[in-house]
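Each of the next two complexes has chain A plus one other chain: chain B in the first, chain C in the second.
Our next item is the complex of A and B:
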């Protein structure tokens, strides 16, 4: 049925009844209308972005990356630049698997490691072979893709769900294998060759050859950076065309509805395997770069932590969005790097909370109530505790600055805080859950102590492990929240269920 | 060290002591895996969702058991007798984790009932990371010891010349079989069990028949998580040590057990659990590189299962209704 919103403009004549119009899809019209209706800055940016031709979009996205090496030093280029680009490359490959084809590949990082180790076995001082890069990289990529194919084939008949668990187990098996395959006493004796030191075990496979194309050696971080960036640009271009192609359309179709796609006589399983292989190959290729950059491959680098990071990038960037992934990589890699010093981390924490409140709380006077209420609540609690329980404020916030000193007079920092902070963390989780259940003014009021509690837990507990557990806790919570609020990711186009 | 030679040698003069040792430890391990697998299989049967957080619920269960033991005064100076202390640990851990499971379902999965398939999977992944790292933050990466030896005293029984079994192993196997029997009774004989089966068969139809589907799903999560918690406490009692990252591997094995037995099938999960436990134990004892690569052999079993019988030992082939 045509919704009433299509009849804007000329009012219908008296004899016209509300009937379906041939050739006008209600859904398309709805989307168009909603897009036009987007006002303000976001709508402006979005419409402007869509007007830029694809090549221009690529330049806009990657241009700043190309300038970056000339305005920064070596260390920052490695940490913020090279790693971000490598993450982006990885995330784009994963986006084909998860975002285009809708497969949950939890062994993706194993393929990344596979590429690094294969390259290391073919070209390093550790293994004693020094194969030419022009041969070694294609071999590594093809072999990784074939491993992906074999793994996918095993769960061929139930490719959707079981793939997740097979790949997760594959990652686990991979980590166990590379940790132990050093030809030591606990290792396999292989048929024909006996015990071989394949991966160097827990110490890693060292002395991997630097990349060297037709006599041109890449030696500096800058060289690797540009090599990776160019690979990223090529891959993005390629995916842009793949996305428009028959295969790309088929992938999207089967992501939206595998059953309908199958009924339309698409070879669903073959398409899924293709996407899976494509992801594996991309990861393998990125692995060769990472191995060469580090001049070594170490088992600890290819574990679940990295997997989570890449997933966070893909989901933040939007499932199926090519450009969004680059932004996602920038955010996900940049934020924890900023988190390394505790005063930066503090600014980021309070900044993000403030931003979230600004976005989430309407109308404005509720926001004012929450902010003023939290400040007042904290001041009162602090004053009471000073009078009643001096130990409760005896500590000082970690890291200084004027902001830190101000916090000292607001947040409770007890000495010997471990047990209290543990319980506070527990209560904070409960409080956050309760917040999602209550509505209206109750929520506004409940938000005030919750915010104060969050700040208490942050200053006393979370800030200790900012680059370790805290980071992953926040990423985990982020995944759940984003999935609940926007299942397609932040920059992804939200899809519409057609029933 | 076991090389290819001991592999051959161990077959000819049969080493019964090794054989029975691995059999018993395989059954013990298997009963824990079976308890984890039950939660996976029930949730999958009813929601078609891989609950990645399940392994971490198991870990939380083990920790709750540990803290209850501390609260009772520690293994040496418990306020009550050893077996009563263990019973209290089980009850508190099971109720606590049951509540945790219900909470996870309400906040992470319920809003995504009608979302595309991949969204709840990623949400589950997020919950898993969250739980695991919260444990790391609060309880640290170090091992915690249950000290079962001090708590109840370990006795070893000789049955025949080569067959040893300890009271803890007997307890674990018997308790898990009792829990499974209780679960089977719950699902087969009670009204709630009937509602669970109906919901897993066809959620919409069940809703139309007046079954409160949301409540049934919450209950399923409660039961599954409670069983995982029991598994966690058992792990602590048998192996003496728990740590905050123990959920990942155990969850993986539990899920493998559920798949091998046929996902969605409750007897299948039990069978699969014991099979995985035995595979791991015998791989450790007999196969080359076994003590290091036992998990790889389990993985090989999973792959072999997919190739031979994708629906699992006791599962029925998936028929998609449109």
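Our next item is the complex of A and C:
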């Protein structure tokens, strides 16, 4: 490859070899660009996004949130808006711990609860203290950060799975503690104050004071929404700067390779503690908001379920991506809420299927065969059933506008459907299993009746239960599809492992 | 006075004495090569110097101060930086960031200063960027400009090795420990590495301790060669002296071969 000089003992100097060669240097360096250039639409969107300056990205991400309160009502603002923003705020803190520093912290939600309870103890009708918010919130944040420091110290040398176990234990201990620390006869007598009702036990700590900054009371959902949104924007900005700074770089280095980071002059243990504290402080701060919004803190709000939700947001948005958490929170919190209405759910159902097919089926003509085949198959089945067994199409698709009316002429809706739908569900699962066993054109062909069967089951059975389990099944399917399309998360950059 | 001095340093893993009573001196501005068969304890010596392991006994002195027992990041900040035999870059960070991150020990801006972009943080960031660019520029055409924003994993193997050296330089170290810098390189790249090590000493002013198996490289760069076997120093001197030393031949070729030769 290098030329005749190889045999001569001393190889030629660098001047000779400065042209690009396959497998080295420039060629390798450009691999990403070439791959990117082929990626079509996603590549286009991504390149466009990368051209927007950071401040513009923040506006693009949060701008729609700022408009949202003016186009919706109070209830929707709470469910879709406020909760999403609170989740995003929580996820940003977790992103520092998990996404930047690479620490698997499963006790994160405890800090959220800690913030809420701490604020509640300092300012609520339940505790009888009414400390000023301007003092109570900083205290809550600092104390939560210190608890984060303590937990970090106990797990000084732990990484990965071991850290996960310890922190998960911490979360469980926290939940059990707040469930029991109600000053009851079996409760613990604290030094100095004796036996007091700290958390209200299983009934929760109620009557938490609303936020009140220097006489400006936040009383409406809209007020809380903007307070949280501004906090989120500020935190995202600050984190953007941290990410580019000495500390942010060191955190990412620590995630990549702790030993190399240590040897390259970074105090790894101190950086871990700092990440822990930063995450805890963010969660604690979010907790004070959540406590004030609910005017109460309840043990059930801070359990493993919430932890999984926040993790899903961080992973979906892309580990280590600051903007990603906003999108992640929007999908994870917004999707199930939207799915409460059955016509929304229908669009999502067919959308997810279509998206999955788009991703999974290559080359393109197979996709065309599947789509056209499914439509034709349905039309034929429908026509045959109309002729042979009119009752099979006597029912009607519920709602859905033009799309629903079109479906009416395609999918079978029998009048008494219960038993048939049950069997169809069962057969659908079998068919899905069979699909995983066959290959090539057989799979393409088998997909057609399976898809038709799926929409039959959906229209006849699942759509009625859309507010219950179906919603979560759909959300799960949506997450699976998204993670398949973008394995590193929506905003994540793909990672490579050490080779 | 020697820049780095190992005095009677020993280290065992369980019953295995990996480094045994080793004395080693590296003078200011010297290039010293450590050679020895696999398992001779060369990399362990590096791990002891950089603080990844603590010596069971003995003392490691750098610039007149004892560094044995200090944390690795402290030792690096004092002025000893290393590269790894199996590359350990921060692969998902950009090329420039890989170098910038190594200045951590010499920058001071706290996380709060960075968050609020206070003057010190901004000034340091500028300085660090400039420093990193200087270090990368040291490698001439090989690591120039257009690929500094790319993740380190997109670099070729040889460039990863170069980047690791640039990263070690950015720690502000005076003494570089290079662990097999030419391993896995083709002859052209090996030749370049030989020249680079000379340039590091002459233009960069670094003192270099290097582990290397390629005898052409060792011959080309070394002011002094130290041979180890079973954690013991078996020879020391110029390349020619060590290469012809019967104990070194024995260590590399086995006893009978060495005798029949």
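Definition applied: the second predicted complex is superposed on the first by the 320 of 499 C-alpha atoms of A that agree within 3 Å, B and C clash if a C-alpha of one lies under 4 Å from a C-alpha of the other, contacts with A are read in each partner's own complex, and residues count from 1 in each chain.
Note that a residue touches a chain if its C-beta (ideal position, glycine included) is under 8 Å from a C-beta of that chain, and two chains touch if they have at least 3 such contacts.
Keep in mind that this is a model prediction, so the values were computed, not measured.
Of the two partner chains, neither chain B nor chain C is touched by A:132.
Contact with chain B, but none with chain C, is seen for A:164 once the two complexes are overlaid on the shared chain. Once chain A of one complex is fitted onto chain A of the other, the partner contacts of A:203 are absent, as it touches neither chain B nor chain C. Of the two partner chains, chain B is the only one touched by A:462; chain C is not. When the two structures are aligned on the shared chain, A:436 is found in touch with chain B, with no touch to chain C. Judged by the touch definition given at the top, the superposed model places A:259 against both chain B and chain C.
In the superposition on chain A, contact of A:219 is made with neither chain B nor chain C. Shared interface residues of chain A, touching chain B in one complex and chain C in the other, are 256, 259, 495.
Interface residues of chain A, counted against chain C in their complex, comprise 1-2, 6, 10-14, 16-18, 23-25, 28-29, 31-32, 238-239, 241-242, 244-250, 252-253, 256-257, 259-268, 274, 278, 493, 495-496, 498-499. Against chain B, in their complex, chain A makes its touches with residues 98, 102, 104, 106, 154-155, 157-158, 160-162, 164-166, 168-170, 172-173, 176-177, 180, 185-189, 255-256, 259, 304, 308, 311, 315, 319, 422, 425, 429, 433, 436, 461-462, 465, 468-470, 472-473, 475-480, 483-484, 487, 495, 497. Those residues of chain B that touch chain A in the shared complex are 1, 3-4, 48, 50, 103, 107-108, 111-112, 114-123, 125-134, 136-138, 248-249, 252, 255-256, 259, 288-289, 291-293, 295-296, 299, 302-303, 306-307, 310, 318, 320, 322. Those residues of chain C lying in contact with chain A across their complex are 50, 52, 71-73, 76-77, 81-82, 84, 88-93, 97, 100-107, 109-111, 114-117, 121, 124-125, 128, 140-142, 146-147, 150-151, 153-156, 158-159, 167-168, 171, 186-188, 190-192, 195, 216.
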